Structure formats: structure tokens, C-alpha cells
Amino acid sequence: MTLARRLAAEALGTAMLLAVVVGSGIMAERLAGGNVAIALLANALATGAGLVALILMFGAVSGAHFNPAVTLSEAWQGKLPGREVAPYILVQVAGAFAGVAAAHGMFGEALFSASEHVRTGASQWWSECVATFGLIAVIMGCSRARPAMTPFAVAAYITSAYWFTASTSFANPAVTLARAATSTFAGIRPADTPGFILAQLAGAAAATALFGWLYRTPVSSGK
Amino acid sequence: MTLARRLAAEALGTAMLLAVVVGSGIMAERLAGGNVAIALLANALATGAGLVALILMFGAVSGAHFNPAVTLSEAWQGKLPGREVAPYILVQVAGAFAGVAAAHGMFGEALFSASEHVRTGASQWWSECVATFGLIAVIMGCSRARPAMTPFAVAAYITSAYWFTASTSFANPAVTLARAATSTFAGIRPADTPGFILAQLAGAAAATALFGWLYRTPVSSGK
Amino acid sequence: MTLARRLAAEALGTAMLLAVVVGSGIMAERLAGGNVAIALLANALATGAGLVALILMFGAVSGAHFNPAVTLSEAWQGKLPGREVAPYILVQVAGAFAGVAAAHGMFGEALFSASEHVRTGASQWWSECVATFGLIAVIMGCSRARPAMTPFAVAAYITSAYWFTASTSFANPAVTLARAATSTFAGIRPADTPGFILAQLAGAAAATALFGWLYRTPVSSGK
Amino acid sequence: MTLARRLAAEALGTAMLLAVVVGSGIMAERLAGGNVAIALLANALATGAGLVALILMFGAVSGAHFNPAVTLSEAWQGKLPGREVAPYILVQVAGAFAGVAAAHGMFGEALFSASEHVRTGASQWWSECVATFGLIAVIMGCSRARPAMTPFAVAAYITSAYWFTASTSFANPAVTLARAATSTFAGIRPADTPGFILAQLAGAAAATALFGWLYRTPVSSGK
């Protein structure tokens, strides 16, 4: 796979992920009649099911990161050349914003709109740290022991994490930035994104270090 | 597999798909007490679960298209002989109407009844375009990289797309036509079907072209 | 596997299936606060998830029929010796009643109690005929093309069929008889069981004949 | 795998399991607006999905028991050396309490708080006995016939057992002890834990004996 094709896959996959997350959030909030549990059930199921499809279809192309925290962790483990980190992250962020605009178009909203949803404080940051720690742990553990099952493990983990973290588990810096551009169910106030992203990177670093020991991942370069 | 057997599989599979979509829609609306989110949750889960079973059982016989947009895309990629396109589409449409009648029979409704459910406008068309683009993308990507997992990828995608598109993701011209013949939860006004079908074909064509490049699908004839 | 072990597996598996169906029905009705859609969602998910586990664990022992309609269809196809049909059905029915008693014990109900839930009429019978036709079709199709995936195909099908049939898809004579012995969510009036069972056998016979042609199943004896 | 690494996996996996169970219980109760069925649906889906990820990622390291009843059953079957039983159970219990604290931190609760949720009486004990019997049966049956599918079988079973048992299926002594330390949705009064644990061990012993006969598990030592 050439780098151009892999970047196209990362951009397109992240865009579709955001379309799923934001679009299903809008639909869920509109239909749920005020019951947030029902809305979050729909949002979590749509996201998990969407991830199954997206990782199965793009995994063999680009690795299906769709997530700067995953890209950084993979590079740290020597599974991605360092020079590809920046392009990966760039297209993930661009794709994420495109996905938000695509979702807004489907529901008749303006292309972008700043969120006013407050998500801050120690509980939220601890939630994002745990959520991203777990995500990296799932990817490292499953891709080592049962690589063919990784799409299902990741999708199941995120479905679960929507419910067991107080922040509903963003666990992804690109997703976090793009969700600041939607004033709907999935939104986050732009001012709150740095706290989320720092917590995510801390969790990702802790998992990469700990599971590097637990699984004794050999360091290698390239793919 | 002879063509007769494959056409029987396409007809029967599309009929069962419509029985699932329309039947579960009726049941969901009757039981949900006016909460549309709960009804759509049930409808989405029933459709996704039904697709797992249908694609697993018919995939090895006919390819389990159940969908003219998929048949056209496969033919364009050279995976289906051109002379089989028309018979495939014909039995899909006939099967779809038979499935609606089967569902109506189970719930004590008249065999057919024209829907009055308005589904039109740019947001709906964009939704159908995105939905079908994604469906073809999932099929092309997964059948290339992880063919044994395609039934799960497609079912998961449709479950998700019921929620992340404003149109609840018909993504299938045969399904669209047949759902015009049910004045229940899943219905669409007959006058609105051309817009849906055009949007679906546009999305399917875009995905076939783009992923043909991304995956560099070799062109071949026959199966 | 000796016949004794296979019969033990059929008895135990059918008992666990009924414990799942009846137990989750009681729990769902008690908690759902009168919203039948939510109760049926829980009942359908519990049944589908339970079937995944039960078929995975017992499939290699006895075939995991848990269902006289399946046993008769397998025997007709030459996959089960004729002399084993009666013992299979006998332990399935006995196990089914034991499972109802086990569920009642968990929820503090009398061991058995006759249901007063009316389930009769042409729509219900047509529903059971379609439901069992589909179940046999899924088993025959999937076990031929993708045998390792049969547990998931059957479980997904039943989850879907709870919603797309007006009868919530009993699709199993042993289950039907035992559910007459519970005056809870899952019950059926004893007088209504013959109609259900006849419809189920008709659907099973139609599927066995049709898919025997479609898949050209070779006739053989033994397993 | 050294014992230290396996114990780390058991501790971390059990901690993450409790974070999922307790965290999703808190979130579900807060959002469900008093409808316990919706809360339990979310709690069951989060737990089942979480188990898929946790068993896939840790299964190849430590066996992914996360449960003293499983560890004892494995040792009885000769699949785990007797000298490793105590360390396994110790880290499972310690991990379980750490997981409760992690969940409480995410939701702004005190690290630990004694539950006042009464769960006692014959129906509850019979429920736990059945639940654990079934869990051990699923593990023994599936790991013998379809080992690669065990993560899915166990997760599906627990999702189902949340609904078909009156106790919502703790089925795990370490989980039971740690859930006494949370005064939230998932809690159990400390005084009620011995009854649960005795019932769980009885069910596990019965399953190990019965399925040892059914599957004629050969006795061996070590792994």
C-alpha cells in the first residue's frame, strides 16, 4: 500500500467514524423524547456497530487507527515509521471535521457549529485517561494474541466505554477536536478540548508502557 | 451453482429481508407506546441480526446481494457477468414485494397498502447517497481484506446506518420500491422513491469508483 | 460421543434455553414498567445471547438441536439416524419443562402454572410457519456453507424473529409445550399449542424440501 | 508467560471488569429516569461488550479467569497448578476492589462505600447457583470444542444471565466481594455476600463434575 492510499483510508475512515458518532447522536436525541439513557444506548450501539464495519474494511489498508493516540502509540512501539506520524494525524483531524460536516448535512444542520456542552473537571479527565488507557490496552493485547478479532474487540470496548466512563469515552484527540464543532448531542465546548486531549495522551502513554512490559513487545521499525 | 438456484436465493433472501424490515417495524411501532427511539432500536437490531443470518446462509449461493445497487457495482467491477444483472434485479424486486406481503400477512394487514410517509428533500437524498456509498465501501473493502467477515461487517454497518442517517438508510432500490407498498413504520410515499433511488445509485457509483482506485481492484469477468 | 452423552446435552441445553427464555421474560416484564417494547428488547437480546453460548458449547456434542423440528429435519436429510429421533425429542421436551421449573425457582414462582396468554388465529399460525421455515433455512444454509458460524447465524435469526413475526417466534414444539406451563410473559395458553406446533412442522417441512433442492443436499445416513 | 505477568493480567483484567460493571451501573441509573429495565439493558450490554474485549486481550496471557470460581474449576480439572490458585485469587480480589475505586473516581463518588442493597433468600441463592453452573459449563464446553470462540460465548452468556436470573448473575466471588463496596446500582449488602459466594461455589462444583463426565475431560497438570 502506498502512503497516499493509506492516508486516504485514514481520512475516509475517520470521516465515516465522525459521521456515525455525530449523526447517531443527533438522531438519538431527536427521537428519545428526553430519555438520555435511550439516546446513549442508540449512540453506543451505532458507534460500536459502525466501528466493526470501518475497522474490518480499512484495517488491511492503513491499520484503521482513525485516532492520533493510536498512531502515536504504534509509532512508539516501532510499528509505524516516525515520518508517517504527522501525515497520519493531519488527515485524521481533517477527516474528522469532514465527517462532522457530512453528518450535519444529513440532518439539515449548519456545516459546523461550536458546542456549548461543558465537559471538564477531574472526573471527566480521569474518565478520558481510563478510557484511552483501555483502548490502547485492547489494541495491543488483541492485535498480539488474536489479530483477526481486533475489529470486534475495539468495537466492543468502545460500546462498553460509552457507558462505564463519566465522559462517554471520547478516547481520541481527533474526535475530540471535531466534536467541538457540533452543537448537538455529541458536542464538547472548544475550551474543554485541551483537558480531554491531555488526559487521553496520558492514558495512551501509560498503556503503551505497561503493556509493552506485559507483552514484551519487540521493538521493530516499519510494518 | 446454476443461475436458477442463484436467482432463487436472491429472491428468497430479499423476501426474507423485507419481511424482517417491515415486520419488525410493525411490531416495534405497536409496542413502543409512541417512543420512536425505542421503535427504531428494535427495528435496527432486528434488521442487523436478520442480515447476519441471511448473508451467512445465502452468501455462498448467490453472493447475497439482495440489492440492485450492489448487483450493479459488482457487475461494474467485473465480478458478475453483465447478462445476469437484469435477472438478478428482477428477482430482487419481485422478492422484495413478496416479503412485504409475507410480513403484512403475519400482522393481519392487507397484502399491500400505499405508504403516505413523506421522505424527500436534500437532507434525505444526501443521507441515502452517504448510506449507499458506505454500504458499497464496506462490501468492497471487507470482501477484499476479510471476506469471511463480510456478513458481520454489512450487518453492523446497516444497524449503524439506521441511526446515523436522517433517512434511516434504505440504501437499496429494491427495498425502496417495496417499502412504498406498506403504510406502516417502514413505509415511503411512492412519489418519493425516485429521489431515493437516484441518490442511492449516485452513492454506489461514487464508492465503486473511489474504492476501485483505493484497492486497485483488478477487472475480471465471471465469478 | 455416546448416545447417552448426546441426550444429556440435548436435555441440559434445552433446559438452559427455557430458563433463558422464561427467566428473562419474567425479569423484563417486572422491570419494564409496562413498556412491552422494552421488555421484548430485553427478552430478545437475552435469548439471542444465550443461544450463542448454548450452541457453541453443545454443538460439538449433540448438534445442539434443542428443538424437535430441527431433529426431524436433520433426520429427513439423513443427518441423524431414524432410531435416535424419538429419544432426542423425548429429552428435549423433558428438558424444556425442567428449564421452566428452574426459571420459576429463580423468581419465586410455583414450579409450573398454566398460561392464560391467548395466541391463536391465522396471523399467529402464519407467523410460526414463517419463523420455523426461516430457522430451518438458516441452519441448512449456514451449516453447509459456513458451519463454524452457525451458532451466530441461528442466534441472530431468533433475535430478529422475536421482532419480525407477530407470534414472537416460538419456532420450536418443545419450547411451545413448556411455555404453556408458565403464566408469565413468555406463556401460551395450553389450548393454543397444537396450532402453533402444526404451523411449525409445516414451515420446517417446506424449508427442508425447498433448501434440499436449492443446496442439493446429498442424502446420507449417520453423522 | 511468567507467573508475574499472568498475575498482572488477572489483576488488571479483574479491575477493568469491575470498572465496567460498576461504572456502567452508575451511568445507567443516573440516565434511565427511573426505568430499571433500561438501566439493566445498558448495564448488561456494557458488561457483555467489555468482556469480549477483556477476554480477547488477556486470554492468551493468563487465561482471563477474573473469577475465583473459574480458577478453582480450572485447577480441579488439572489445567492450573495447585500452587497458583491462591495467588490468582488474591490478585483477582485486589484487582476487583481497585476497579471499584477507579469507577467511583470517574463518577465523583468516594473511593469505597458500603452497599445497602439487600440481595438474599433462596431465590437469589438458586439464581447464583444456576448462573455460575452455566458460566462454568459454557467455559468448559466452548474451550473444548471451539476455544477461539470462548470470549464471545462467555460474554454472550453473561449478557443473557443478567436477565434470566433473579440476582442479575454475579457468578463470581471476587466480583461479589468488591460490589459490596459500592452503594450504587451494582451493589450488594456486605452481610449478603457469604450466601452468594457459597451458592456460586456450589454451582461451579456441580458444573465441573457434570461436564467433566459429559466431555470426559482428561486430567492433566500444568497448562
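Some points to look at:
Letters A, B, C and D mark the chains as written, and numbering starts fresh at 1 in each.
By our rule, contacts are C-beta pairs under 8 Å (C-beta built on N, C-alpha and C of every residue); 3 or more make two chains touch, one makes a residue touch a chain.
From a predicted model like this one, the values you see are computed outputs, not experimental measurements.
Between subunit B and subunit C, two chains of identical sequence, the interface residue sets overlap only in part, with shared numbers making up under half of the total.
Distance from subunit A peaks, on a Cα-centroid basis, for C.
To overlay subunit C on subunit D by their CA atoms, one rotates by 90 degrees, a value rounded to a multiple of 5.
Measuring from the averaged C-alpha position of subunit B to that of subunit C gives a distance of 28 Å.
Here the CA centre of subunit A is 40 Å from the CA centre of subunit C.
Residues of subunit C found to touch two or more other chains are 35, 38, 41, 45. Of all possible chain pairs, the ones that touch are A-B, A-D, B-C, C-D. In the complex of the two chains, the subunit C residues touching subunit B come out as 35-38, 40-41, 44-45, 48, 123, 126-127, 130, 134, 137-138, 140-142, 144-146, 149, 152-154, 156-157, 159-160, 162-167, 214-215. Considering their complex, residues 5, 8-9, 12, 16, 19-24, 27-28, 31-33, 35, 38-39, 41-43, 45-47, 49-50, 52-53, 56-61, 102-103, 105-108, 148, 151, 155 of subunit B touch subunit C.
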